[in-house]
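Okay, so subunit A shows up in both of these, paired with subunit B first and subunit C after.
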Partner chain A sequence: MELPRWNCCGTVHALAKDDVMHHLAPVRVLLRVEEAVEAGLVDEPRVVTLCAMCYNTLKRANHLYRNDSDKRRVIESIMEKENRPYGGKAEVIHLLELLSELGWGKISERVERPLEELRVAPYYGCLLLRPRGFGVDDPEEPRIMENLLEALGAEVVDIPFKSRCCGAYHTVFMKEEAAELSYKILRQASEMGADLIALSCPLCMFNMADRQGLIGRLFRDFKGIPVLYFTQLMALAFGLEEEAHLEENNPDPRPLLRERGLWR
Partner chain B sequence: MEKEGKMVTIYVMGKKHRVPAGLTIMKAMEYAGYQLRRGVGCRGGFCGACATLYRVKGSYKLQAALACQKVVEDGMYIVQIPFTPAEKKLYDIEKIRPTPNVFVEHFPEITRCLSCNTCTKACPQDLMVMDYVQAALRGDIEKVVELSFDCIACGLCAIRCPAEIVPYQVAQLARRLYSKYILGLSEEVEKRVAEVEEGKFDEELEQLKRLPPEELRKRYESREIRV
Partner chain C sequence: MPLGSGETLRLGEKLKPFRERVKELSGEDVGLCYQCGACSSGCPLTDEMDLLPSTVMRMVQLGVEEVLDSKTIWICSSCFTCQVRCPRGIDVANVMEALRQLVLRRKYDRVSIDLLPPEELRELPQIALVSCQRKLTG
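Moving on, here comes the complex of A and B:
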């Protein structure tokens, strides 16, 4: 179910020692999780995120709140005169972790149209894996997205740049530099024979998909490669074409999928 | 009013005054000799003209209230905020549409919301201001309308926001979009307007006009209020 009264997590974990203000938003989300349990809406204080940035921000704020008593006191004092303080009980998990918990066999059972002969390069970027202890999997040798893609019937293309930086927020003020970083990842995926890239983070999506026009202008050899959220590939494999919303992707992955018999 | 004769000390823009306990800030200021021209309106907590900031001696908290609603406390330092300097965003309601990004397009500063909840704590109407700013951020027009319906645009949320958001203007855009594109025209209102124009109530109104004040008062006080 959707978490009641959720707010924007802030998208970036504040690293400055005295910047406590920016931890309020994620802590407030975690408080809502506890409140949902209290209201009897859910049994366990667990919150699932689809976005890599929410995942990282919430998880790190949770750690900070539990372990840094000084900052916790400051946060509590800013949040005073509200219902109650956050008790530190919420757990943050990524959808990939939930799927892994359900078991890849169960995912396979749901597949109606295996993504056969589709060569997919999983791309993790930074926030799904780093820093160590806050990721969905081992930061050096992650397997979780590979496992999912295999369960969906796809052929996994392992690219060495799968956790290299896409340029992140440099895309705002240094878009050429960010485009170059994304270009290197995209080119490697193409060179290694991937048909498309699967990822989780909306900022990676913006830099690696929506910026392909700019990348094409900066690098003449660039040919373009579709980028999809892993959830879109799940929808496709589960036979939920409409829910995949592939019309929103740029570049359009549908011609390629049609060629492979995976799109009408 | 509390026990007769009890007085408290307040400071209006730094100047000390002794005023009777139990008065509202507005009445206390008038008692102290201020003639209010700005920062006063309906005197009933509906118009939002008398936004006031205050601090009680010994407390670090800056608090917000409507002068016509809040009762004075001993040691209160008061300043009136009759006007909120806020840039007024111009838009043509005929041209904009209720799209998910409409709030971010007109008020990009809402993305700076820290979820600190200071706006909610400042709201004299006890609205969940932060929650509606967050609803605006994700484009949920109906939620913004639902949570902001009782807003009187006093401006205190905007004065207190550390991210310099002007929440009440965001909410006003939501309500305008909602009434124009989502709620649509009301059949009942159209019907009633037609009846008024046809003169259906003219005779009744003429009768009322001729009634003596005592009878009018009696009828007003015993009127039926349907909720």
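Moving on, here comes the complex of A and C:
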């Protein structure tokens, strides 16, 4: 279920050691998780994120709140208007971790249309894996998205740039430089024979998909490659075509999928 | 004194406060860095930088405050590749953030969203704008 009264996490974890204010937004979200348990809406204080940036920000704020008693006191005092302070009990997990916990066998059982002969390059980006200690998997040798894609029947294309930065927020004021970073990842995936790229982070999605028009203008050899959220591939494999909302993706992955018999 | 001039640079009392301030803000002991260059070799953004990340680390060690004028500190996107690879356990991204904060807290914003043309502003997602503001403005 959707968390009641959630708010924006702030997108990035404040790294400066004297910064307390920027941890309020994620801590407030974590308090809502405990409140959802109290209200009987859920059994466990677990919050699942799909976005890599939310995952990182919530998880790091949680760690800081639990381990830094001075900052915790300050945060509690600033949040005095809340009904009660956050108790530090929430657990932050990414959807990939939840799926892994359920077991890849269970995922396979649900597959109605295996993504056979579809060559998919998983792209992790930065914050699903780093910094060390806050990722969903080993930061240098991740397997979790590969495991999911294999459970869905897809052929995994392992690209060396799978955890290289896409350019992130530099897309705002240095869009050409950011586009070059994304271009290198996309080109590598194409060269290694991937049909499409699967990812999790919406900022990566913007840089690697929505910016393909700009990338094409900057790099004449660029041909374009579809980029999908891993959840869209799940919907497709589970036979939930409408839920996949592929009409929202740009470039449109449907012609390619139709060619492979995976779209009507 | 230019770096590499062959002269001995002594950590004077005047230089110490800068290094201490960076340590305080970043939580990282820059003295641990032994200049292996792992951060620089793994960094995906060195093409855009004027100083390599390891050079920035050396300048902070030596208390050279001019490092704050470097383009590098603004180019670092906090991707944490260096954090994963540093054999000395230093989170270089934390040091970069501390250096950015030292500039931003003097009320020098690096960017201004107001300067973006409206058509560009419309196409940018919130996640890009919020993270950009968080990293590059005070």
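The rule is short, and it goes like this: the second predicted complex is superposed on the first by the 263 of 264 C-alpha atoms of A that agree within 3 Å, B and C clash if a C-alpha of one lies under 4 Å from a C-alpha of the other, contacts with A are read in each partner's own complex, and residues count from 1 in each chain.
Please note the rule applied: a residue touches a chain if its C-beta (ideal position, glycine included) is under 8 Å from a C-beta of that chain, and two chains touch if they have at least 3 such contacts.
Note that this is a predicted model, so its numbers are computed, not measured.
After superposition onto subunit A, partners subunit B and subunit C are found to sit side by side with no clash. In the superposed pair of complexes, A:7 makes contact with subunit B only, with no contact to subunit C. The partner of subunit A that touches more of its residues, comparing subunit B with subunit C, is C.
Touch criterion not met for A:63: it reaches neither subunit B nor subunit C. In the superposed model, A:28 lies in contact with subunit B only, and not with subunit C.
Of the two partner chains, subunit C is the only one touched by A:177; subunit B is not. Contacts of A:78 after superposition: subunit B is touched, whereas subunit C is not reached. Minimum Cα separation between subunit B and subunit C in the superposed model: 7 Å. Overlaid on A, the two complexes show subunit B and subunit C touching the same residues of subunit A, namely 8, 10, 22. By the touch rule above, subunit A contacts subunit C in their complex via residues 8, 10-12, 14-18, 22, 51, 53, 126-127, 129-132, 139-140, 163-165, 167-174, 177, 181, 202-203, 206, 210. Residues 24-27, 44-45, 48, 75, 77-81, 83-84, 91, 93-94, 97-98, 101, 111, 113, 116, 123-132, 134-136 of subunit C touch subunit A in their complex. Touching subunit A in their complex are the following residues of subunit B: 111, 113-117, 121, 130-131, 134, 137-138, 162. The residues of subunit A lying in touch with subunit B in their complex are 5-8, 10, 21-22, 24-25, 28, 78-79, 81-82.
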